[in-house]
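What follows is a pair of complexes built around chain A, which joins chain B in one and chain C in the other.
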Partner chain A sequence: MPTPTYVPLANVTLTSTASSVYFSSISQSYRHLVLVVAPSSTSDTFLYLQMNGIGGSSYTWGSMMGDGSGTYVNQNMSTETFDLVPNVGGAANAICTVNFFDYTATNKNKAITWRTDRPSNGTIQGAGTLTTTGAITQIRVWEYGTNVFGIGSTFALYGIAG
Partner chain B sequence: MAGETMALISTVTVGAGGASEFVFDSIPQTYTDLMIVHSTRQSGGVSFAGVNTQFNSSATGYSSRRLYGTGSGTASDSQSGNSAIPSGDANASSSTSNTYTTVTMYVPNYTGSTNKSTSSESVSEANATTAYQFMVAGLWANTAAITRVAITSTNGNFVQYSTASLYGILKGSGGATVS
Partner chain C sequence: MPNIGFWATSGGGASYAPSFEHIATVSGTDSSGTISLTSIPSTYKHLQVRFTGRTTANTSGYQMYIRANSDTASNYSSHVLRRNGTSGVTAAYNLTSYMNSNVELIPGSQETASIVAAGIVDILDYKETSKFKTFRMSAGMGTKYTSSVFQNVLMGGNWRSTSAITSLDFTLYAGVWSSLSTFSLYGIKGE
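Then we have the complex of A and B:
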């Protein structure tokens, strides 16, 4: 019998503004995770991602972007978070899909890739590493400072069998 | 217990006569997101030709920004006022034989009452200097739920063995906290 995959683990649609969305106690029964984030039109400037409550200087990432008139690259080493919307002017109306590979492994640092598309501004492909060999049990998607995700923003987490 | 959430709604394979488009109509409104995957080749006498995606038979309200590689360079462009979302340049009859272009498009919240954003990527390989990879951020500025998807060729027909599949993705519930 085929193994169920692309299994919905959690989902939230905001009915009031929020600065953070947490997926906690993530099932350890899958091989990879997929997170799909679609901030609403009233969302603010940032779309950051952290795992397991880790901040500090544990994240390294790079991305490439096209904005319709030029191509750009971004890189940030030993920083406190992944930045999923660099240079596209904000999170409103973006689509962001994040892949977490081998998230339960305890013998490797954690790697992610992501695509962010914001039709009014550009398209981004990114990849990054979190320096931890711990299994991922929590994901936080967040805005910075007083910025918020608007009402109607959606956040959905799926498990991929493997 | 959680179950599968990615369901095949419909799939089409082009026969010997070719086809100018793929159409998925009367799309069930019971899923959360859509994923469209197609593998196509066109009959026109060029190496690559555009592939377009249109919703609900509407020919207005489309815009996009693209990042692409050509095998020898990179570029980015933006388009507005189009009649469809351009998904990339697909293999056509003058490109390497038996080689088809793969496109994946993701459409979140397709039944919602907001404008429809899309995320897509395509790969058109060839045993030649020029080959394409596209990343496309697309927008259909229309608040209607999507009930129809048409994928169209721009130079001749889609040739035999071209395929297109439509998947529905269903969200879960709960499991997240907000602050």
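Then we have the complex of A and C:
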């Protein structure tokens, strides 16, 4: 039988609110990862992502957005997180797909791209770099400040072999 | 805060046929400006390429071109929605002998070491002989060099040929692909 290539690794639906969701001890058996985040209608504000617990000034990212009224760019060259939803309007009812490339490679910094689609606040495409050559073993997504993901928010992680 | 933790897929009880299969991965060699995916089998419905890329050239970034079946004639068009640096979102198009990223997507030696661009290219109905071939790419690069070289691009491209795709070439505007570059080809099955 052919070897599965696009493999579901974790699938979570929140039954209580949470400020952060972690994926830990991620298998090193794949080449790429895909994370799909769908915050519920009661989720709030921005949507952030970190890897391996790394903060500081290790993240650089840029994104472009259109909301029907205009187009916008956002970026940060030296920050502690990827901003998957970088501006006001919130993450509620959004679908965010994050692609992690060569996440186990130890000879390159870690590159991601993402797309966030929000029903009332536009579409975002982003790309960024985490300046670490370490393999990715943990992913954290969280809301801003004291805000939380609402009940029913879903998070799915997939591994892609290659 | 909950730590959801991680667990591997159980795989289920019954057997199943995977529909997303890895075909090949090709890496840069520090010596060629083109990375080719060749001998693409005709057993799938769609194709997807996931790539990371960097050039050894002394540049902040170069554009990337895409061709099919080694066709170098003016049989391509590409339209992009892009941000190039901090100047806002703009559009561009090409009608020429390749599909074009239209942004300086692939970082070179002026960029912080080991930073790569990344992206996904989708090709639907790649073997259909009744239609031209449509490509879609989402790619970008997060820079540590300067804010003026942030790159994001959404590209729709077209190869005006009804031939089945048997090879793909990813070529730099100039210079050679670093060995940090990898292009992974996947086949997607379907009716």
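FYI, the second predicted complex is superposed on the first by the 160 of 162 C-alpha atoms of A that agree within 3 Å, B and C clash if a C-alpha of one lies under 4 Å from a C-alpha of the other, contacts with A are read in each partner's own complex, and residues count from 1 in each chain.
Definition applied: a residue touches a chain if its C-beta (ideal position, glycine included) is under 8 Å from a C-beta of that chain, and two chains touch if they have at least 3 such contacts.
A quick note: this is a predicted structure, and the numbers were derived from the prediction, not measured.
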item	value
Contacts of A:40 with chain B and chain C, given as first, second, both or neither	first
Partner chain in contact with A:6 - chain B first, chain C second, else both or neither	both
First, second, both or neither for A:71, with chain B first and chain C second	both
Which of chain B and chain C A:129 touches, first, second, both or neither	second
Which superposed partner A:63 touches (first chain B, second chain C, both, neither)	second
Which superposed partner A:55 touches (first chain B, second chain C, both, neither)	neither
Partner chain in contact with A:112 - chain B first, chain C second, else both or neither	second
Which of chain B and chain C A:152 touches, first, second, both or neither	first
Touched partner set for A:31, first chain B, second chain C, both or neither	second
Doubly contacted chain A residues - partners chain C and chain B	4-10, 12, 18-24, 64-66, 71, 115, 125, 155, 157
Chain C residues touching chain A - in the complex, by the definition given at the top	1-9, 11, 15, 17-18, 20-22, 25, 50-52, 54, 81-83, 86, 88-89, 112, 114-120, 138-144, 146-147, 150-152, 154, 180, 182, 184, 186
Chain B residues touching chain A - in the complex, by the definition given at the top	2-6, 32-33, 63-68, 74-78, 106, 108-109, 114-115, 117-119, 121, 135-139, 169-179
For the chain A and chain B complex, residues of the former touching the latter	4-12, 14, 18-24, 36, 38, 40-41, 64-71, 93-95, 97, 115, 117-123, 125, 152, 154-159
Of chain A, residues touching chain C in the complex	1-10, 12, 18-27, 31-32, 59-66, 71-73, 75, 77-78, 99, 101-102, 107-109, 111-113, 115, 125-129, 131, 133, 142, 155, 157, 160-162
